[in-house]
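Chains here go by letter, A, B, C and D, matching the order in which they are written, and residues are numbered from 1 within each.
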Amino acid sequence: MLFKHLLGGVLLASTSIVPAMAQTNTDITVVLSEELDLVEPCMATRSNIGRVIMQNISETLTELDVRGDAGLMPRLAESWEDLGNGTWQFKLRQGVTFSDGTTFDAADVKHSFDRVFSDQITCESKRYFADTALTFNIVDDNTIDIRAEPAQPILPLLMTLVTIVPSEAPVEVLREPIGTGPYVMSEWAAGQQIVLTRRDDYWGTQPAVTKATYVFRSEPAVRAAMVEAGEADIAPQITQEEATNPATDFTYPNSETVYLRIDQTIEPMGDLRVRQALNAAIDREAFIGTVLAEGTELAVAMVPPTTLGWNADLEPPAFDPEKAKELLAAAAADGINTGAPIEVIARTENFPHVTEVGEVIVQMLNDVGFKATLRMVEVAEHEQYYSKPYPEGRVAQLLMAQHDNSRGDPVFSMYFKYHSQGTQSGVNDPKVDELIEKATAATGDERAALWSELFAYVQKEIVADVLLFHMVGHSRVGERIDFKPTIATNSQLQLSEISFK
Amino acid sequence: MTKMIGQRAIASLLSLLGLMILVFFLSRLTGDPAVLFLPIDATEQMKEEFRALHGLDRPIIEQFGAYVWDLLHLDFGDSLRKARPAIDVVLEAYTWTLPLALITMALVMVAAIVLGALAAFKVGGFFDRLVSIVSLVGASAPDFWIAIVAIVIFSINFGWLPTSGVGTPLHWVLPIAVLFIRPFGLIVQVVRGSMLSALGAAYVKTARAKGVKNRPLIFVHTLRNAMLPVITVMGDQAAALLNGAVIVETIFGFPGIGKLMIDSILQRDFNVVLTAIMVTAIAIFIMNILIDIAYGVLDPRIRQ
Amino acid sequence: MADALLEVRKLSIDFHTARGTVHAVRNVSWSINRGETLAVLGESGSGKSVSASAVMNLLDIPPAQIVSGEILFEGKDLLKASQEERRALNGKRIAMIFQDPLSHLNPVYTVGWQIVEMMTAHGRPADAARARALELIARVGLPEPKQAMRKYPHQFSGGQRQRLMIAMALMLKPDILIADEPTTALDVTIQADVLALLKELQAETGMGLVLITHDLGVVAEIADRVVVMSQGEIVEAGTPRNIYHNATHPYTRKLIAAAPGKGAVKHVDAAAPVLLDVQKLRKTYGGFTALNDVSLILHKGQSLAVVGESGSGKSTLAKTLLRLEAADSGAALWKGCNLIAMSARELLGVRREIQMVFQDPTQSLNPRMSVYDLIAEGWDIHRLIPDKVARRRRVAELLEQVGLLPEHAQRYPHQFSGGQRQRIAIARALALEPDLIICDEAVSALDVSIQAQVIALLDDLRKRLGISFLFIAHDLGVVRDFADTVVVMKSGEIVERGPTSLIFDNPRHPYTQRLLAANLDPDPDVQAQRRAAAGRAGA
Amino acid sequence: MTDLSSAKPADIPRSESAALLAMLWRDKLAFVSAVMLLVIVLFAVLGPALLGDAAGAQNLRGRNSPPFDLAHGWAFVLGGDSLGRPMLPRLIVAASSTMGVAAGAVLSALVVGAAFGLVAGYLGKNVSQVIMRLADVIMSFPSLLIAVVVLYVLGPSIPNLVLVLAITRIPIYLRTTCAEVLEVRERMFVQAATVMGASHTRIILRHILPIVAPTLMTIATLDFAFVMLAESSLSFLGIGIQPPNITWGLMVSQGRPYLSSAWWLAFWPGLMIVITALSLNLLSNWMRVALDPAQRWRLEARSTKGGTANG
């Protein structure tokens, strides 16, 4: 019993020595950094789960185009329209079946949302509807009206976040997810691998990959080595140090933004000049191609450039230590305690080389006269400092954090990070609050313009934080595979986008 | 002997109880699992629902009562992260850790005993010094060095072995080899020291006067006498292996208890932490009892 | 001589040690034939075992080095033979048994296995070996040979273990048996039995017997020829009678003179006050009664010997009196106060007044303490002589008193010989100026000549300082020389008591008689007479 | 009077330490080890004051400069790290915290473990059984959980880290001491001390401890390397030493991502750990013999290898 793995292995060994050798041409192996705890579809917005499930097993009503400029595209919904009064009508695709054979219809959509909102199960996607009440009206099998209270202008976009399960799916954590996607989960050996195999009765185009095996290795060097040794075909997350082979290794923006959150309530951070000095003190360019990979961009907003309302006019703050010193001196002259200790708090393993980034930043801040120290903490402790309520009796803190928004709309970021009620906000500015509320309720060009204004106001006028970088990721893709990673590869990896050379 | 084992078992159960209480309360000092399970921008309401769903909103003493009550029904609770019974998660990991630990320990035992005994027999010689230095270097070198260098050499350069993972016996070679180094380094020293004193014992003289050959002299007459201190150290090392081998599991993608335990601690998955610790503790207690039995088997004087 | 079966010829062996080269044996020659018994007599450090170890190839080289000489077996020089040839000879042609069979038997294997191995190691089939082992175990006088085979060394008594060693040695019917102090650690009656067994077996098998011993009595009892060794050299050789009566070398003479049991017997001074009054002392371990209502009285300045064999309870008596063990019942009045029931505080005072000298000074002196620390420790404990200079002077005095040098104070116990260590232990006991010293086999581990010196020292202390002694011993000769009163213990009870002269000249209890009869006399003639008498009694 | 009393004790230790030094000189391996350790201790004491600034000076554009290249100056002879700081001064400065943490953890574990072990062993079999089971509990308690609990509740700091590492090492000393004391307390010289009226404290400290100490010392030196590596893995998991503090363990764990691109980042600190551990072990083996009066002779002349004259 105890040695069953080994014994099983002996039998296996007679047929195959290296697994990749035994694969037929259209089977692939993907090596991920983090194992899946769950395969529950309603948790698919969590990136480690989404990478396997999203659009492979479970599909959503709508889908955001990350390869082209098509914006929001139909998936399980063929079309949608705003009926006014906060109600959106979705026309559902016909002839779609779940992998258990049942047909997809409007009741399944309603049930999927009921599961998300149930208190019997914890679903991540619930947070996107935090202050919104949804009511569902099944018009017919292929039509459903969804009314949001208050009105939600981006409801179709939010539909990219909710995976559809059949109405038979129980309201408990699923271990055998049933979906409409092109693949079914055929094996889940906890700790070892998850295997997806292609369905024959998928509604859409048959993807090229017939079988995908996911394995999990937390050591980046090993992930890279596996592709090199032919044991795996795709390693979506490798490090800059490993990504040295131009033939196989891709670098691409990964929708993550790194910034220093300023808590303005603590001296001396309430002073604008001090915040400007912080920004001027940091030589952002120096990081790129050294500690951080070539291709990393300087951030001017909390969201990546692919997001709605992107303000192309914004410039990263110039590195100007002299100006920083002047600003500090001016603040000090007004009685601001610029010599107060500042803690730069960062989370270990938040992103590659986070410690080094922290060390350099502290050095740069101290070079212009701040008294900064670095404090590296593990995830649970980081969380304490990141979200409200902030700990009592804290000194001035610059919290280094990484924020991911690949959803296309700033709404997923701005409220939390800048609104005075936002859980990770260090800002308390009526104009910011107003702009966020207006933009959230607006649609179309007006929405884009309002976001654009907010980005500029936050970055230039109030200097709310120290925006640092839009990060890049590195993937290694085996030579026989034709696949180009995108900004979304962090949170989803559609097998249908993979073909063979 | 049976009485002794019975006493040990009762004492072990009491220790286990103490361990459980200690871990239960200490682990709950380390923060709220809700904020770790839910995304960073989850609402307070979601957190409250999560806590209510898993009973984390109740007073801690009540939680403890419920836990003990369930435990009496052999229910170890569910994993917060994995939404599965914690005991399943832990036992699954254990079916990997146990053979890994046992095979490694068996190899260490054989190698350390043979090399340590030979080193002691020719004490001060070239072989002796070589064994000492190599084992000490091995025991103090960072294990991830060895692991990654081994992957580069054996998997990438030579292509002899798979880089990582499980499945075939070949997959076990590198993890076992890397795990082998440290306990081997320690135990070979202990064997050498213990053999040195045993070789000076009077009965060795008797054996030589009987005309016993060198090999049985070392491996039959002396070794069994030298084994007692060796077994104690081996027990400690085996206990460490039974606790999981985090680095090796992490690098080689080996789904053992060490990585599970670390992840569960960092994610505050209390039920898994508790279950893993208790299962490990039971394994260690059983091993300690086996060691006591081994003492008795090896040395008849202890049997009484 | 030239065609002796085994001949050691002009053998010289050096040991290279830290303190320079020690010439362990120099130019030693002896030989032995079948049927003969050769005794190699010498004290510790005389090199008496070295040549035998060389014969058996048991020397560690280095540190040992064979400088010159030959060991001829059947005319072939063993020193030129290969390791394998010599191994094949060991046990098969020449066998050896040792002192202290407990440590020389492997504790973790059954005696059966070890005895059988003697034959299997030389390629004989295991079945035959088992049969032979059973036969021999019965022959050496152990009951239930089959069960005995399955038992482990620690489950036997000392005498039984030596019998098993003998059985093992005889498995392959060797031509020569080398016995290295085979009876030294045994009780006198057991010693007599073992020697008798060896003689019988020699007569049966016709083997040659090399007996290495320090005991003149053993030589007198068993040897045909004897070589006397001192400082690595043979100083004298001949028949036991010849040597005993006509020793020419001064060392031999000294040795013979030092043999205990010859001095004038002391007499009790009954007028002295009672120091210790032991009343019905009782001690049991589980079901075993170690002390069964033992009562005795010790007067000031008296030396009372407690005689008995192992297991008689004599050591338990000492431990109980010293409160190392708690007595079950009874009393021991020390200057009128009951030692057994004393509080810890009262006891501390008495601890200064009663001191103990243990059997084995190697074990009773902390190896990590210097002689100065060892002797001065009592003053630390009892807060005496706070002045350092005075202490140093007093330590020097004490060392001189026991026959050591003041500069020895900075050394450590292992740098001394056994006799010197026991002197340190005595100096430590004297440091607190006690009224009573309990000696538990205090001289039995020492060489005869040193034994005599230590006894003389104790006697001198008794006379000069009026110290009383409770002298626990199994060696009757020593007791006769030192004690003025004797109690004989057996199985936890005192079977006989009285003045030394009375006990020795006119023992009444059969056990006492047996003890005295088993005690070997160094005079071969006396032993011959006793054998003759015993033979007549047996017939 | 004063002359006489002070002359002698002063005289004896000097000759004794001189003799020890001479013995050390004769055993080349032990001598080299002692010199290495001395150098490391000097690094630890003087390093931060002398080289603290050099070790902290960042130069992002000159990062990961390879070793054995003197173009950047002597400080870069062992290469530069990922922030362009020179390896050599960093290694020297890191000796301080490394030694502080390792020595602190090992010594506190030793003191606490030995103290409880001595008392438990001296009190006899039953008490020591209880202590042994307690040790079992600590041993099956994963060190990482202790680390998370202590560092989460008490906050991360070097003393707390020492506390964590010490707690996890206590059982080893506890068990070893307990087992040895159970045996030593039966020895004759302990009885001899009892007979002289020695108190329990005196017997434990003066008679039992010195016999047990060499074994504990051997374990402690073996533990040194273990603690340095454990500290390294705690750093790696984000709950150990964190920058700007530096230890060899932290450097090893920080060098880990660069193992394939800049091997020297993890290699030198790892080598320092290996050298320290090796030196400590070799020296402790030597000291075990040298400080045992009954064995010292083995070192006084190197020509002999074990075995005593018999006969």
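As a working rule, contacts are C-beta pairs under 8 Å (C-beta built on N, C-alpha and C of every residue); 3 or more make two chains touch, one makes a residue touch a chain.
Computed from a predicted model, the values in this text were never measured in an experiment.
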Busiest interface, counted in C-beta pairs: A-B
Centre-most chain [mean C-alpha coordinates]: B
Centroid distance [mean C-alpha coordinates] between subunit C and subunit A, Å: 86
Rounded Å distance between subunit C and subunit D, as computed from the means of their C-alpha atoms: 45
Between subunit B and subunit C, centroid-to-centroid distance (C-alpha), Å: 50
Whole-Å gap between the CA centroids of subunit A and subunit B: 38
Per-residue multi-chain contacts in subunit A, two or more chains: 221, 378-381
Shared interface positions of subunit B, touching two or more other chains: 30-31, 148, 152, 266
Subunit C: positions in contact with at least two other chains: none
Full enumeration of touching chain pairs: A-B, A-D, B-C, B-D, C-D
Residues of subunit A touching subunit D in the complex: 220-221, 239, 241-242, 244, 286-287, 290-291, 347-349, 352-353, 355-356, 358-360, 362-363, 373-381
Sites on subunit B touched by subunit D in the complex: 11-12, 14-15, 18-19, 22-23, 26-27, 29-31, 123-124, 133, 136-137, 139-145, 148-149, 152, 186, 189, 196, 200, 232, 236, 239, 243, 246-247, 261-262, 265-266, 273, 277, 280-281, 284-285, 288
Touching residues on subunit D, where the partner in the complex is subunit B: 129, 133-134, 136-137, 139-142, 144-145, 148-149, 152-153, 172, 175, 179, 222, 225, 228-229, 232-233, 237, 252, 256, 259-260, 266-267, 270, 273-274, 276-278, 281-282, 305-307
For the subunit D and subunit C complex, residues of the former touching the latter: 1, 4-5, 8, 12, 187-189, 191-199, 202, 206-207, 210-211, 292-294, 297-298, 300-301, 303-311
Residues of subunit D touching subunit A in the complex: 56, 58, 60-61, 63, 82-83, 148, 152, 156, 237-239, 242-244, 254, 257-262
